[in-house]
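For reference, chains read A, B, C and D in written order, and residue numbers begin at 1 within each chain.
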Amino acid sequence: MAYFYQNPALRWLMRNPIWGFVLIVFIFFSLASDHFFDARNFQNILVQTSTIGLIALGMTLVMINGNIDLSVGATLALAAAFAVDVQSWAMFTTWGNWQILPAVCLALLVGIAMGAINGFIVWKTGVDAFIVTLGAMLGIRGLVFVYTGEQSFYAMNFAYSDFSALSVGPLPVLAVIFLLCVLAVHWLLSRTVHGRNTYAVGGNREAAVNAGIRVGPHMMINFMIIGFLAALSGVLLSTQMGAATPNLGRDYELWVITAVVLGGTKLTGGKGDIIGTLGGVLAIGILRNGMNLMQVPAFYVYVILGSILIAVLFLDKRFNASTDGGLRL
Amino acid sequence: MTKTMKLLLASCGTFALVGAAAADTVRIGITQNNVGIDSYQTTYEQAFIAAAEANPDVEVIVLDAGGDVARQISQMQDLIQQRVDAIIIWPTDGQALVPAVRNAHREGIPVVVTNSNIAEAGMEFIAAFSGPNNIQQGIYSAEMMCDALGGEGQIVQITGMPGYTTAIERQRGFDERLAELCPGVTQLDIQPGDWNRERAQRTMETLLTRFDQIDGVYSGDDNMGVGALNAALAAGRAEGMVFIGATNFAVGYDAMGRGEYWGSVYQSPVDDARAALQTALDVLAGEDVPKLNYFDTPKITQENMHEFDRPVF
Amino acid sequence: MLMTRLKAGGPAIAKQGILVAFIVFMIAFSLMSDRFLSADNIMSVFRQSAIIGVMAIGATIVVIGGNLDLSVGSMLSFATVLVVDLHDKIGPELAIPVMVLATLCLGAINGFLIGILRLNSLIVTLGMLSAIQGLVLIYSGGQNVDIVDQRGTWFAIFGRGAVFGIATPIIIFGTLALIFHIIMTTMPFGRRVHAVGGNPTASVFSGIPRSRVVFMTYLISALCVAIAAIILGSRVMGSQNNVGQGYELQVLAAVILGGTSLLGGSGSILRTVLGVLMLAFIQNGLILMGQPYYTQWLVTWVVIIVAVWLDVAAKRGRLFSPIA
Amino acid sequence: MNDPREPALRLQGIVKTFPGVRALDGVDFEVMPGEVHALLGENGAGKSTLMKVLAGMYQPDEGQIIIAGQPVRMTTPIEAKAQGVVLIHQELSLVPEMSAAENIYLGELPRRSLGRVDWKTLEERSNAILTRLKCKFRAEVTVAHLSIANQQMVEIARALTVDARVVVFDEPTASLTDAEKVVLFDIINDLKAQGVGIVYISHRMDEIFTLSDRITVLRDGAYRGTLTTAETNEDEVTRLMIGRSLDLSRNEAPRDFGKTMLEVQKLTCPGLFEDVSFSVRAGEVVGFYGLVGAGRTEIAETLFGLRVPDSGEIRIDGEPVAISSPRDAIAHGISLVPENRKEQGLVLQMTCRDNMTLPQVQNLTTGPFVSQSAELAIFDQYRDKLAIKTPSWRQSAGVLSGGNQQKIVIGKWLSMQPRVLIVDEPTRGIDVGSKSEIHQLLRDLAAQGYAVIVISSEMPEVLRVSDRIVAMYHGRIMREFTIDEVTEDSLVQAISGIKTTEAA
């Protein structure tokens, strides 16, 4: 046992149990499936993870703030619809492949705007973020349907969907974008004043207020960041499809929250990091990919994922025993 | 790690299905739209597996996208990754799967689209489509409606889950055909029932309140149609109201037998599944397969229903 | 400016934000559609809201106890599929108790994980949402289930019957709401749920068996789901595997609209009923006006935020949050 | 700025009203550079409100704040800090997951380009401040890992990041040990010598008389006068504060004890307390005295079924009992008035009545319903008995004053008719007037035959209420004294771990 506590790698693993879990499922699928341990499959996993993963980065910030955002799935769909639709606007027809640029920019702006609306309402009304974004989850999905008229949009320009097939060295470009965002948000959270204030606001809001941190705008910025990342995720997803569907991103908020919680971020705020979140999204990505490769029936996948979520929560509680020193409340 | 044990157990069950691949068998991957959302898809899956098991030279990998486009794209990637010989896809969205199909095409894996077709832009990348003609089904329903009402009347339409191809195509076929065939029939409103009987029932209840005179109801499938029928029965207004659906379900068949339900479109998931597998095998055998392979989905009405077996779902 | 200072006099109205919004909507809808206030329509909306309403009663109790239950949607699918499937296999008189027991077992799992093991309720019920959905599909093999003899079964009474001209679902909903309202406001159990939700630590220090109380709230929630499933199964005489999908959000929206605080310790079942009816009337009114159905989501968005905002504003005595 | 005749800070005629309450009613207050000015008043007298006005958290409705001769308007704490006014909070306002350094510079982390935190500067500066405070920990350590006292030091370190003109200390010693207090007083004297004006808020008279130059007293939101410390005494201050003088005597009640109600034998809970044996008789008050963390609260929690002891025996009325939950404890006639009223004692949004009847609500029924009349009977009885001031039983407990809240909790447990009543820190955060009422109440309870255990960190309190005093140190009982034999010196020695063979 003494060794266990001294070994830095193991101690790190104790603090980030999700990476232990990632390791275990990784080894399990490598042994159990012929197709799992393969460079191309790893590329697939990274691309598949990037959708949930990008949003999870933003969700980590929002949840460390002590808030939550349930509207990300709808925001993703709205941004994807804009990204695909705007390309075909008449004013851009002469732009050639450059017509993608204003479309993507507008889509990202829409994402930021949705985040700003949520953040502003949370800030000004003081209504719990759970309620505000639950409303937005319904409302923004309504906006998607109003905008698309229930139809799917598709990109005339194949250059758009070709983008997702590009690679940078051995890595698909989508994976590269995702990893860059991981680094950026990690840097933001651990190195910058805004990032450190994120912990302060979530860890002790009153202290943050008293210390002169402008909590409202601060939270609004984080909602805008998650809006941006959800929109980015939607844009990247739409490049994979060359299209946008109004039902895109349903239930994503649940998987994103699951991933972030698996990564050790606390719902109560003040605690969490990007390394854990990355572990959380990889855990889900690997499980899904591995179960696809092994053809676990879809019905069982639901049960397995649900059980794992609860099990990890349970183990986390065991490992990070509370500090009340045995008081039985 | 008891959960890992569970996972092991769960996966062992499916291992048997994969078995050891012999050299001369073909491996076909299928990714379905949303098994479990209704019986049609479940029966399809079972029929597909049964058909594959009956053929010793075929090994299948059966996946389900759960209605999520992104997950279906992942599954396409995973199937390509496993270098299956052919992929059968039931697209969650006709547009959005085009690039994924194109990828498979580029990797040299033939793709057969089943049940609901892929968008026009993707047609050049698929080996073949096999399935019902959903637009044609909408047309059939419009024709039956026209017949039943004698060209005059006010109807409402209850559509499937908004945004899904099957729902959109049936609605399009119905709307266009009805307008051209029976200008005397007016559509009072179109509301979605999400393929859900209870939701259709609730929607119909409100429509019954809103409109004093409803002569006919067209529903995107019989499941919703029966929901609408339930609502009308409860309101005591079913008498003389014409109910027309699509994808004849057992409940719809029975209601037809009782004379409450006018007609539907008979579509067998077993035929659908078998046709898809056969098309894929034909493609792999190098046969010259036409791009569009519609299997027959005839009209079924109270008059001719005895010619059909009661649907199993 | 009207509301920036909600001091004396103001709160009385603002506290009833939901009631005000409710009345405003009723007036607006009845001006725009002459059918809206017809007895038929009102009865029909009441009947339609019974399923969500019964579930929302249980959910309110869970939320007052300081937790959340997102698994009610899957649980409704489970219970409905089970009762409909067993109806033809073992008859309704056995199917109902078996289904109720099985659903209570799911509630007990929630209660055990959240009440006894003290795991976070949001995450646990999120996991259960997924796991139960899988269970339903495994049980049914993904097939729809139907009751063959829809006319002959007395099971029809729960969803389709009527007593003295009032539809049974309304009677069930009303009775349950009244019973649980009485339990929550006048019985020791209700007091304890409020205490545990309001301050779990102080409750333990007062000798209240906190674990058991939370456990019980989840059992009640499961019981309500089981009753909702009986109404649903009887009304539709069949079930799809995903019939309850998304209900958890509607239920939660109704509870929130009713002014129950997600922090626990306060809330009222009668106000939840108001929240349920409000959502149902919005849905109904917009369809009557011929609006596309998704406008109801936009309206719900605004209504939820405004109603809760007024509620919060009344409690703190000013409209805008003081945080900088 | 250092003109000795110009106040560093002056408040003139400050009025602040909340809905239904006039919290401050024309208060005047000033602090000179290099002066320690104590601010006194009972809870609810308006001290906290005044401090929040000072710190920019509240805006006064009327009146002026004048700093160095200039009227200023401060709308946020950060503006107040920019004016050189720094508040050190009574309740810790730290972020547990962040380092001490980050907490010290919270809201003002030194920046580099791109919004990055300048860690080097941050840690150098923080460590410099911690060194100045004679702290033994480094600024890099996470605050959650620090002891309460060290966390308090971090809080104080925050005030030293700016050139403060005025530093406000709000009950700074509540959780400090004596040694730490000495350090704190040194720091205050340092600041004073540098010409900083100090506002010092405390309930502890001894500290105020040691430190302060002047004392200003508030009562009911109004200014009651300013006294020069050297020319006044505790009596006068108290009278100003509560409008009458206070009994400071030691317990001299006639001792007539009944049989042993509670007997504890070799109770052990590793890491918390070990080998604890004592007994309490009917009619007796046993005071548990010791430093914070000596294991007293943990013993109470164990007796109340909230902790599982490793070994040892508990006897009630001579019978060995097994207590594994508060319900067991209640069934055996043990009641616990916990240390933290707001977190452990009350459900703040519940009504006073409901709080009071909470432990027995399941027994107060007619049929399946809670009997309103039975509840009201209990509430009325204890409201009268304990002189609880509340307009109505419907009042939610959260809005009452600390003293009345504490009486609700005490009433709650008295209504259970316990055989053993344990009261943990009965007067923490309670103003002087209510304090003596509660002391008298505890004595009265003993006189009625209750066996009472009082846990306290305040020596005057222990001396005033106890018949016997148990001194604890590091989880062990060092000595037991009867009230007649105890001296302040021997008590201090006992709780500091100094073993004495005989009472002095």
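Quick notes on this one:
Heads up, the rule we're going with is that contacts are C-beta pairs under 8 Å (C-beta built on N, C-alpha and C of every residue); 3 or more make two chains touch, one makes a residue touch a chain.
In this text, all values refer to a predicted model and were calculated from it rather than measured experimentally.
The interface holding more C-beta pairs in contact, when A-D is weighed against A-B, is A-B.
Centre to centre, using the average C-alpha position, chain A and chain D are separated by 44 Å.
Look at where the CA atoms of chain B average out and do the same for chain C: the two points lie 33 Å apart. In this assembly, the C-alpha centroid of chain A lies 29 Å from the C-alpha centroid of chain C. Residues of chain B found to touch two or more other chains are 35-36, 162. Counting partners per residue, chain D has 76, 306, 325 as the residues that reach two or more other chains. The set of chain C residues touching two or more other chains comprises 137, 142, 201, 204, 294, 324.
By the definition of touch given earlier, these chain pairs are in contact: A-B, A-C, A-D, B-C, C-D.
On chain C, the positions that touch chain D within their shared complex are 7-8, 182, 186-188, 191-192, 194-195, 198-199, 201-209, 265-266, 317, 324.
Contact residues of chain D toward chain C in the complex are 19, 76, 304, 306, 325-327, 329-330, 336, 338, 343-350, 354, 358-359, 361-362, 364-365, 368-370, 412. Taken in their complex, chain B has these residues touching chain C: 35-39, 41-43, 45-46, 162, 189, 191-192, 195-198, 201-203, 205-210, 223, 226-227, 230, 234, 249-251, 254, 313. Those residues of chain C whose C-beta lies close enough to touch chain A in the complex are 113, 117-120, 122-124, 126-135, 137-138, 142, 200-201, 204, 210, 249, 252-253, 256, 262-263, 292, 294-298, 300-302, 304-305, 308-309, 312-313, 316, 320-324.
The touching residues of chain A, counted against chain B in their complex, run 24-25, 28, 32, 35, 38, 40-41, 44, 47-48, 51, 145, 148, 150-154, 161, 164-165, 237, 239-251, 288-289, 291-300, 303-304, 307-308, 311.
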